[in-house]
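This report concerns only the one structure given below.
Which chain is which? They are A, B, C and D, in the order written, and residues in each are numbered from 1.
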Amino acid sequence: MRPVTFDETAVALEAINLSVTLRRSRDGADIPAVNGVSFTLYRGRTLGIVGESGCGKSTTAMSLLRLLPRTARIAGQIRFRGEDLLAASEERLRAIRGRYISMIFQDPMVALDPLFTIGDQLAEPLRIHCGLEGDALRARQVELLAAVGISTPETRLTQYPHQMSGGMLQRIVGAIAMSCNPDVLIADEPTTALDPRAQASYLDLLKMFGETYGLALVMVTHDMGVVARVCDDVLVMYAGQAVEKGPVRQIFNAPKHPYTRALLTSIPNGEVEREWLPTIAGQPPDLSRLPPGCSFAPRCSAAQERCSREAQIERVVGDRHRARCWRAVAP
Amino acid sequence: MSSTYPTPPSPEAIRVSGSRPRLPWFALALLAPVLVFGIFGPLLFLHDPTAINLMTPQKPPVWLAGGEWAYPLGTDQLGRDLLSRLMEGARVSLTIAAVGVLLAAMIGITAGMAAGYFGGFVDTIISQIVDIKMSIPATLLIILLGAVIGGGLVTIVVSVIFLFWADYARIIRAEALSLRERGYVLLAKVANAGHGRILRRHILPNLFGTCIVLVTLQVGRAILIEAGISFIGLGVQPPATAWGMMVFEGRSYLSTAWWLPTFSGLAITITVLGTSLFGDWLRDRLDTRASAL
Amino acid sequence: MLSYFLRRLGRAAITIVAVSLIVFVAVRATGDPTFSLVAEDATEAEIAEVRAELGLDRPYFVQYAIYVGDVISGDFGTSLRYKQPAFDLVVQRLPATLQLALAAFILSTVFGILLGILAALRQGRWPDMAIRAFAALGLSAPSFWVGILAILLFGVMLQWLPTSGRAHPLSLLLPAMTLALHSMASIVRLTRSAMLETSSAEYIKFLRSKGLPERLIIWKHALRNALVPIVAILGLQLSNLVGGAVIIEVVFNWPGVGRLMIEALVNHDFPVIQAGVLLITLSTVLVNLAIDMSYGVIDPRIKYQ
Amino acid sequence: MTLPVLEVSGLAKHYPVGSPWFHRGERSVVRAVDGISFSIAEGETFGLIGESGCGKTTTVKMLLGLEPSTAGRILFQGEEVQNADAATLRQYRAQIQTVFQDPYSSLSPRMRVEEIIAEPLITDGRLSAADRRDRVAELLEVVGLPKEAATRFPHEFSGGQRQRIAIARSLSQRPRLLILDEPVSALDVSIRAQVLNLLRDLQQRLGLSYLLISHDFDVVAHMCRRIAVMYLGRIVETGPTKIVRDRPSHPYSKALFSAVLAPDPDAVHRHIRLPGVPPSPIDPPSGCRFRTRCPLAQPLCAEVEPQLLAGAGGALAACHFTERIDSM
């Protein structure tokens, strides 16, 4: 795989006012899982989408390729290479999936079909999108496995998923996702199921992909450590909304939304025996019964009367830095 | 695995599934007449089901030429009222099915729970017996049994137990095996709970749904077995009657009195269909893993 | 793979031994055969002599060993009715039963899987509804009754197909279809739910994200994975079909072991019954073993267990 | 010096593997835990850290008496509990309780919270039903749940609340020591802080000792003054958290901590990657178990098994070449 030169200000993909409604199977209620989220992906940069479970981060990621359940309804725009993916035909999308935009899922142990060899599953996108066959196909397979750091790739190609460890499988999933040199790679909690050491080296691998091949990387995660390690930009989600977004340093050094601030301070940060951790009171809200005004207001220690009446739209608080809070101000 | 991050069910994990009806109306509609006749049969008889009337043999149902309201579904070769006989058959079939299935359930659930919970040697033995049972054609066992103890009610009930206990054992074993590894069972052991308490308070309550579903689904199959046994002449003996026997007897009059085998077979089909639809509904409602049936 | 094969082989052997034990116990339970062999006014000494000749005075395990020896050499005794060796009677009829059961097995497997896939692909729409209704009925209707209705319709009313015996080449059609119905219905249901379950699996989602055509996802990945649980129950289906054949043979006058055994039952012809039970079980267990072996072809995980 | 609450020495668990029928002679043995020693003082939190498969879970099971050990001693407040009589064992189990990782499978779904919390008291049988009810109400208050929770079922609670219920249950018999097996790794970040604070608060109020087992170094560092690092069934390094983290003496600890993801974008990372794959606990490498992946390995490592000795950093490390640690 050859490094490519690219322009860091080139927009790879743009999501505009993305909203997703899912149907909850328990009671058939409509859940506004994602609510008016916008963001831009740049080549060679990594966007972290962070939040707690149920905040809509995975749904956002899945909706970029329209890989949602059939009952889901998506609104907004996803602009990619001059077209709106939400308006594209299913056939057009298939040509884009795995070729220009590809994905990595959370659990590598179930991401590969247990009945087919690694080689077979790696060959599929290469055949379909790149038209590779025979020796060229094989050479590319070996090259890809080597690129993700798998020793003895020739043997691995003939093996089945159950013969490999989770860390190795996730590398193979990475190789499959990278097989056609995509523009955008969406990684949905790619290291949550891995051991700490496997986690760190996998993140380094993804980071290297982004920088070397001009990939726009989306990293969905709940772990601020992961964000700090690989991301250039962050989008913090709470109850289906992007409460804050901006460059990673600005967000970590001067968070503007009280939720972001609470998230950053409430994690044990490696300081030995710190006495008490600041906490966020209460529980995340039920998405089918969101409070009026700002969704975070009921848990917010700085909430004012106004917060429970109306929600702030995205407020400019810095260069490319936005926050949905009445009290957020530019530095 | 202590290092994985189990995600609790979240809106992101929503799966496509149709909405479930509140009550299985169709299944209940199918079962209602069977249950009413089965329970109140003797009060509703138009005729004594065993009364032979040689003046009225092979009368067709009322909507055909020659039919009359006194015999709504016609009569058999001996002039007995078909409807009354079907009601009587319902009683016999339902009783046998219920008794057989319940006894089989008791044996099977005990065996399955023992195998799944205790594992080891107990499990090896029970699983081996279940395996053997599964690979022997059921009808052959019934024939062998019939040859040894002769026909009759006992044969049917014993056959039902014999055939069904292994199903319970297999499914309950698998379920108990996975329940045994749950955190709460380990914690109960840490809390000094004995096997009795763990089985009673932790395992059994969580098996309950599966058991109910299994019993419901098996009642239908037991009726089919009963019919089959009666059909090969090992079931209840005349003058008592059962649905399978009625199909068998009616078979000889196929060309002259088609209604005889048709209606008795229909009664079996409706009942079995009703119970299995009801069982399917229960299974979806209780969300158990008894899908192996 | 070898250890898997050995384990299966061991299981098959244990099954056969268990059946032989069951039959052996049944033979003893039907009564002392001595009395059917001696004259009614036989003396104690004469009875004892016959018993010794038959080996009935020896310990049970010795009797069982003798019994097994007899069985292996094909000696199941003589039919009380036909005065022929029971073994020969059963072996003559065995091909007819196996033909019927295998025809039904192929019918139910092929159509069961196809219809199950179709229902899963059209989930919630009319083909799904129709197939599910058909499967529910197929599981609820007693096969002998369906057979009788089929005779009534195709034989008596339409007169399209032969309904009795085994003489005509088309004779196999009605009994095989009738016999296949129940097992086909359960394969339909299993295939449908297995297909739906694999379709929501994580690896199918990943395949979609790779941009694979839907037909490749369904016919290559989803189907192959759905086949794993289906193949696992095919052996069970086969033994159900062989059992069901006994009844269907009676309905259609099919000259197989089943009808022979029902006749034997009526005539208390015990040697024929025990020969039938043992030989049919033996053939079922062997075919079952073959099916189990094919399991490793579908699921590579088996090889490494 | 006061007696430690728990003292473990030379604890080991070996499982035979493979079918007894197909193997002749010696059967292979999985050395899941192979001779570990540590002690926990009154009111202390001791951390056990390692990757999956290092033997953490087996250690927990042995300490809880769910698995018999193959060798070694477990002393609870100075008293031997291995092979103890039933009464001693019961008493021991009342004093050592546990909280598991998964709050979804650790509460019986068809039991009311009341019975879940009171189960250890029910099997113990010393309290009357009324006293048990009072105790449950008291415990609910201690963990910050409303009294009404008692009559509800687990599925009515969120993950964090369930973990509070699990903690309340573990406290029901006033234990001395809690074994916390990944107590927060299944919880969301904001809930995690609440539970960690609760645990710390309980420790101070009730004078509890904790054994905290986790693969999350930040959580361990936050809670523990002393830790032990496990690799393939053995403790490779142990000592004060600060020292083990800042100046690890064992190459494995060093590699492990280099992988910690600090939530700070300006942190300098130098992730030390280890060659090869983790060896199987069936037939572990001779000598030092870590040598097959160790950048410092020498021929000596294959021959002599290193013992826990004072290492370069100041903690106890099982390494022959601990003075070369800085060359990594």
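Just so we're on the same page, contacts are C-beta pairs under 8 Å (C-beta built on N, C-alpha and C of every residue); 3 or more make two chains touch, one makes a residue touch a chain.
Remember, it's a predicted structure, so these values are computed and weren't measured experimentally.
Chemist: Show which chains lie in contact with subunit C and also with subunit D.
Modeler: Touching subunit C and subunit D alike, sorted by label: A, B.
Chemist: Decide which interface, A-C or A-D, involves more C-beta pairs in contact, and give its chain pair.
Modeler: Pair with the higher count of C-beta contacts: A-D.
Chemist: Could you put a whole-Å number on the gap between the CA centroids of subunit A and subunit D?
Modeler: It comes to 32 Å between the two C-alpha centres.
Chemist: Indicate the whole-number Å distance between the mean C-alpha point of subunit A and the mean C-alpha point of subunit B.
Modeler: Centres of subunit A and subunit B (C-alpha means) sit 51 Å apart.
Chemist: On a C-alpha centroid basis, what's the spacing between subunit B and subunit C, in Å?
Modeler: Once rounded, the distance between the two centres reads 21 Å.
Chemist: In subunit A, which residues are in touch with two or more of the other chains?
Modeler: 53, 107, 195
Chemist: Counting only residues that touch at least 2 other chains, which ones in subunit D make the list?
Modeler: Those would be 51-52, 158, 215.
Chemist: Inside the complex, what are the residues of subunit D that reach subunit A?
Modeler: 51-52, 158, 160-161, 188-194, 196-197, 200, 215-219, 221-225, 241-242, 245, 255-256, 258-267, 269, 271, 273-274, 277
Chemist: Taking the complex as given, what residues does subunit C use to touch subunit A?
Modeler: 201-203, 205-213, 216, 221, 224-225, 228, 298-301, 304
Chemist: So in the complex, which bits of subunit D are touching subunit B?
Modeler: 51-52, 56-57, 64-66, 90, 93-94, 97-98, 100-102, 104-111, 115-116, 119-120, 123-124, 158-159, 166, 169, 181-182, 185-186, 213, 215
Chemist: In the complex formed with subunit D, which residues of subunit A make contact?
Modeler: So the residues of subunit A in touch with subunit D come to 52-53, 165, 195-197, 199-201, 203-204, 222-229, 231, 248-249, 252, 262-264, 266-280, 283-284.
Chemist: Within the complex, which stretch of subunit B touches subunit D?
Modeler: 1-3, 5-6, 8, 182-184, 186-194, 197, 201-202, 205-206, 208
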